[in-house]
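We just call them A, B and C in the order they show up, numbering each chain from 1.
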Amino acid sequence: MAARGKSPRGIRPSLHPGGLRCDSVTYSRYAPSSRLVRRAQEQSRCSRDFHHGLPGHGDRQYTAASPLGQEGSQELKISTLRPVFRLSLLTAFACVAAPGCGGHPDLPIPEPDKTLVIGVSQEPDALFGIVGNLMVSGDVGSFIWRPLLLIDSRRRPYCVLCTELPSLENGLLKVDEEKGLMEATFQLRRGLQWADGTEINAYDAAFAWELMSDEQYPHGASYMEPVGDVEALDSHTIRVVYKTLWPFGNSDLRLRLIPERYYRPIWEQYRSEGGAYWDRFLADERVSVYPRANGPFQVREWVSGSHILLVRNPSYNLGPPPSLERILVRVIPDLNALAIAVSTRQVHLTDGWLTLEQARELEEAPGIEIRYVDAAWLEHATLQINHPPFDDLRVRQALLLAVDRAGINHAIFRGKQPPAHSWVHPGHPAHNPGLPRYGYDPERAQGLLEQAGWSREGDGPLRNARGEPMRLTLITIAGDRTRLQVVSVLQALWQELGIQVEIRPESARLLFPDTLQKQNLQPGGVAVWRWVVQPEATVSAYGLWWPRGTNLDQLTSGSPWDAVQENKDLIRQALGTIDDEERYSLLRRQQEVWVRELPTLPLYWHVRVVSIDQRLTGYVPSPDQYLGWGVDEWRFGAASFLPPNGSGVFLAAGFRSTIAASRHRRTGKPSLLNPESPNGAD
Amino acid sequence: MYRHLLKRTAQTIPVVFFVTVVVFSLMQLAPGDPMDMLVLSNPNVTPEEVERLRAVYGLDDPIYVQYFRWLSQVVQGNLGYSRLYHRPITSILPQRLANTLALTGLSLLVSILIAIPIGIYSALRQYSVMDYLLSMVAFVGISFPVFWSGILVILLFSVVLGWVPPGGHPSIEPGLGFWGQARYYVAPVLVLSFFSTASWMRYMRSSLLEVIRQDYILTARAKGLPGRVIWVRHALRNALIPIVTLIALTIPALIGGAVVTEIVFSWPGMGRLIFDSLMNNDYYLAMAIFLIFGVLVALFNLLAEVAYAFLDPRIRME
Amino acid sequence: MEPSRTRSGVTPWQRLRRHRLAMISLGLLGVIALVSLLGPWLSPHSYSRVHLQQHLQPPSASHWLGTDELGRDVLTRLLQGGRVSLFVGLTAALLSALAGILIGAVSGYFGGFIDTLLMRFTDLMLSIPSLPLLLILSRLGKGTVWEIVGILVIFGWMSLARIVRGSFLSLREMQFVDSARVMGIPHWRIILRHILPNTMAPVIVYATLNLGYAILAESSLSYLGLGIQPPLPSWGNMLLNAQHYLKVAPWLAVFPGLLIFVSLLSVNFLGDGLRDALDPRLKI
């Protein structure tokens, strides 16, 4: 089971069938269903029902009387009242398109049965645990799959399918410093089941490795680097061999299990047919659409373009069955429509889709809680630093000093997305709080530019000694409104320095692979985009600090930054340091170098807007985790605890505590995390 | 007649393939390919590995090789699979096509049913206040972009009045009765038909205006036929002919769906499918869609011709 | 045959002037176009200059229509947007009219194989849902004004080509065409000087209608992220952006919406008036 709460709580034993003691009320699910009893169940906040002993009834639905039933009956009266009807019409035009207005106090709220509706604005690409590019695939997948290990909201790894994390102390982690090798051994819990009732065993981990290290693996076989092998020592022992020292060897979040008994024949069949077998294997509906997995839910129906219906997995025995019976994931591509669905309480949970402006309006809507959760998404500007004018440090510093990041935060982000001062999020233990900061200082910027040989006459363009004007092209993602706003501000502010700035929106598909990787970022090009920093927080931000001969190589190679030996040394050391504290201190020093040299311009940290219907309790949005990892704890349909109209007060308080409690980043799926989410879903 | 139809059918086949060639080339010309995104998620990837994967998927073959590979599969009845949705194309397309046709077909029906009487009225009372007023209302419909009117309609009907769900497809509530399902159609159909009613109304109006100036109407009048007979038997019937043709010509376009409406109302239709496939470089999916378009368009054009020949005796003379 | 003058000796212009609504529309369009053309020069503000401290201000003396979320003057942006939208609309309408006339005329005048070929092509373009192709094309470009115009032209010429062809088919059988041919006047001259003037009525009407559709199509493209890209304003993308601020700053939506509405309405009424004024069959 996935503990998402404050501490990783290890694994609970599977539960006994039959009735259950809960809040000192003992009841059986099939007790006489008088209205009172059912109401009591609702109010006891213990609507988790255990039906293991009652096979065949697993999917029966609660028909609990709605605590909102009275409002439902009011609806009838209202629709017969003509004047009210006319009044409503007026309101419609008075508050057009304002979702906040949407919370019509008399509106019938759909009866809360046990179907939780989650709104997403993008459809997942695949739900097979080891493939997928989109954040949303990870979010939906997190209801279906349970990996070997996970991280909690404090970014600490804990075992999900295994019994204990390997460490040097318990002997499960073996490190050979001289040869630079290491291996970790995981013991699987016994008796865990896949959805078909077969036991989860070590061969499933080896099978997942086989798939992921296959040369046709869609993400590239090198994805698992530096893992050298994953093997099953016996039915419940997994050994992971690393080719180099790897600080996360005892908690590699990429490790997966795929039910071998079910999938091997399918896999072998496609493989024997040759060609692009991995791709065709993935296109099999048994693989990407209706995967057989081990999470608390499984896909009952996936109507492309419309919704995904998840129902309980009857074989799930990692923990008690979840209280929710069904989860409906609705794809609502238009964000305004999504906000309206939230405000009318037809969508009960959204995470990371709504905009800050929509959040502001929804804050006033009754029955909905809005939270702002720190995300480890660094918005930054990538420059071609191995080419003039950006090869000059003073120019880079001047550009950053000329940006009123606090002003942007105030005007566009309502103060929610603070300026970034490093590539490590302030919530991460490796963050260095003592770094020098680049505040808004246009005069100093002008001075630095003059030192660098760029001067201007009066309001004329900024020119260098040869009389050439400074020209920049700001590249960003077409159709991304917020980014275009930010870029417009950058343009305006840089123009005030006399720099000629042109904006070039580009499609998300092209920005990263084409523009940044294939030398299409012309000299003077500045690309503004988002980097999703991994939870491991050290080794993923290649483009930001390490010219590694891969992705963003073309931007940095041969640059002064490339030549900073101190940076290279610190990174190399950090990569080989297994002790967390020691590694963090190396990274803190590396950040000093980074801020001094400014290889890219950090702009701000994103927050995710989370909307939660009050009837849903137990969901704790967390920076690093996928949506459904804590679904076991969720309850839906219980009476709300927040006062219907005073929710704003609660929100403000809730917001602060959320920020305080969770200054961490959210990852992409630890496996498939990535730079910019490709479809502009970000 | 049959020979003519047969000839036309034969003519459409090369046209359909011409379309697929054009689409395929255009897609290949656009920068970027499906590999880019997948490999992006791998920070360890090397250029060599990317090349190897591209070779596996046949993405580095010349365009014509890729095209003929696709064609040979299609001829064998295999549309391939979508690289965006990771499933066989045949498992996505029919459903989407049905959803879209239900939406656009219904909208066409509604708008024609509204537009024709209004158009007739406007033509009869040309330059009257009512004529101007109706035109004005119709233009309100045209002037509002759908992404705007759609949201307004959702706000009015589902937020304020609470009559209909704010978007979505009835399949999200299994077991709905006819009326339950119909509620999901109200808002998108309203918006779509509002948008096109105006133009149908204008067509109807000008078509009728044109007909009543024809000599045969004058003749009929001179013969002393009663006004009602002239209007219904002579004017209206003839005025409807171009409208019917136009409707037939519009039908193929219905298949394409309405991207913006489908996005605003979260409708799982063809418009969004095309949009997504094109934006994500899902070649096979896009090609399959265009192939189906081609075939259906050809089919409907034939039907239109038959209908036209049936309605207008002058055609048969040819 | 002199089409522009009817038996009663009334010129189309005189007839148009009698069409009050059309004249009002023409006036309105003229004013909008003129103000858009001159406005950005007269305005003390810049359409792209950002003033973060003054964002989302309601209409006031210094900002007549308020400011947007980046503190830019809405009026100035609206005028600049008018330039863009009207330019896109006008150019697209004009160019697609030219293309339609050319293809229709050639097809109708020469007939035979050329006609079959061109008309099959026209049918094809007409019946393929245009948006998908539009999407493909816009993916190739970067959303500059000319690209948007080009895309709109590619999908705007077909109906016109059909209409022109239809007129040509009937007109080329007329005696005055025969006599011109007998006199040895070259084809292009017959097409241009003798037949074309007779088909101008529907062409003008259609071109005006196209203008309206082009403005709208641009806004739909903006919605899909493929239209005119900010910070360059167009009415369409301003309207789109305003959706996010409806509650806090309704003025952002009202004015671009109103302008699109008024322009489209005017264009359509003008088209109506033109049709009535130009249609030679109206000679009863």
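The criterion applied here is as follows: a contact is a pair of C-beta atoms (placed from the backbone, for glycine too) under 8 Å apart; a residue touches a chain by one contact, two chains touch by 3 or more.
On a predicted model such as this, the values are computed, not experimentally measured, just so you know.
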Reference subunit A; chain at largest CA-centroid distance: C
Of A-B and B-C, pair with higher C-beta contact tally: A-B
Subunit A and subunit C, separation of their C-alpha mean positions in angstrom: 45
Subunit B and subunit C: spacing of chain centres that average the CA atoms, whole Å: 22
Separation of mean Cα positions, subunit B and subunit A [Å, integer]: 37
For subunit C, residues that touch 2 or more chains besides their own: 139, 224, 243
Per-residue multi-chain contacts in subunit A, two or more chains: 95-97, 101, 336, 507
Multi-partner residues of subunit B (at least 2 other chains): 147, 151, 263, 279
Touching residues (chain side subunit A, partner subunit B) in the complex: 75, 85, 88-89, 91-92, 95-97, 101-102, 104, 107-108, 123, 125-126, 128, 131, 133, 215-216, 218-223, 225, 275-276, 279-280, 282-283, 285, 287-289, 303-307, 328, 330-334, 336-337, 340-341, 343-344, 346, 507, 509-510, 512-514, 539-540, 542, 549-551, 668, 672-676, 678-679
Subunit A partner contacts - residues on subunit B that touch it in the complex: 31-32, 36-46, 49-50, 52-53, 56-58, 81-88, 91-92, 95-96, 99, 147, 150-152, 154-156, 158-162, 165-169, 171-172, 263-269, 272-273, 276, 279-281
Subunit C residues touching subunit A - in the complex, by the definition given at the top: 48-50, 52-53, 55, 69-71, 139, 142-143, 224-226, 229-231, 241, 243-248, 250, 253
Subunit B residues touching subunit C - in the complex, by the definition given at the top: 11, 15, 18-19, 23, 26-27, 29-30, 132, 135-136, 139-140, 142-148, 151, 202, 206, 210, 213, 249, 252-253, 255-257, 259-260, 263, 271, 274-275, 278-279, 289-290, 293-294, 297, 300-301
Residues of subunit A touching subunit C in the complex: 95-98, 100-101, 336, 355, 357-358, 360-361, 404, 407-408, 410-412, 478-481, 484-485, 487-489, 491-493, 503-507, 680
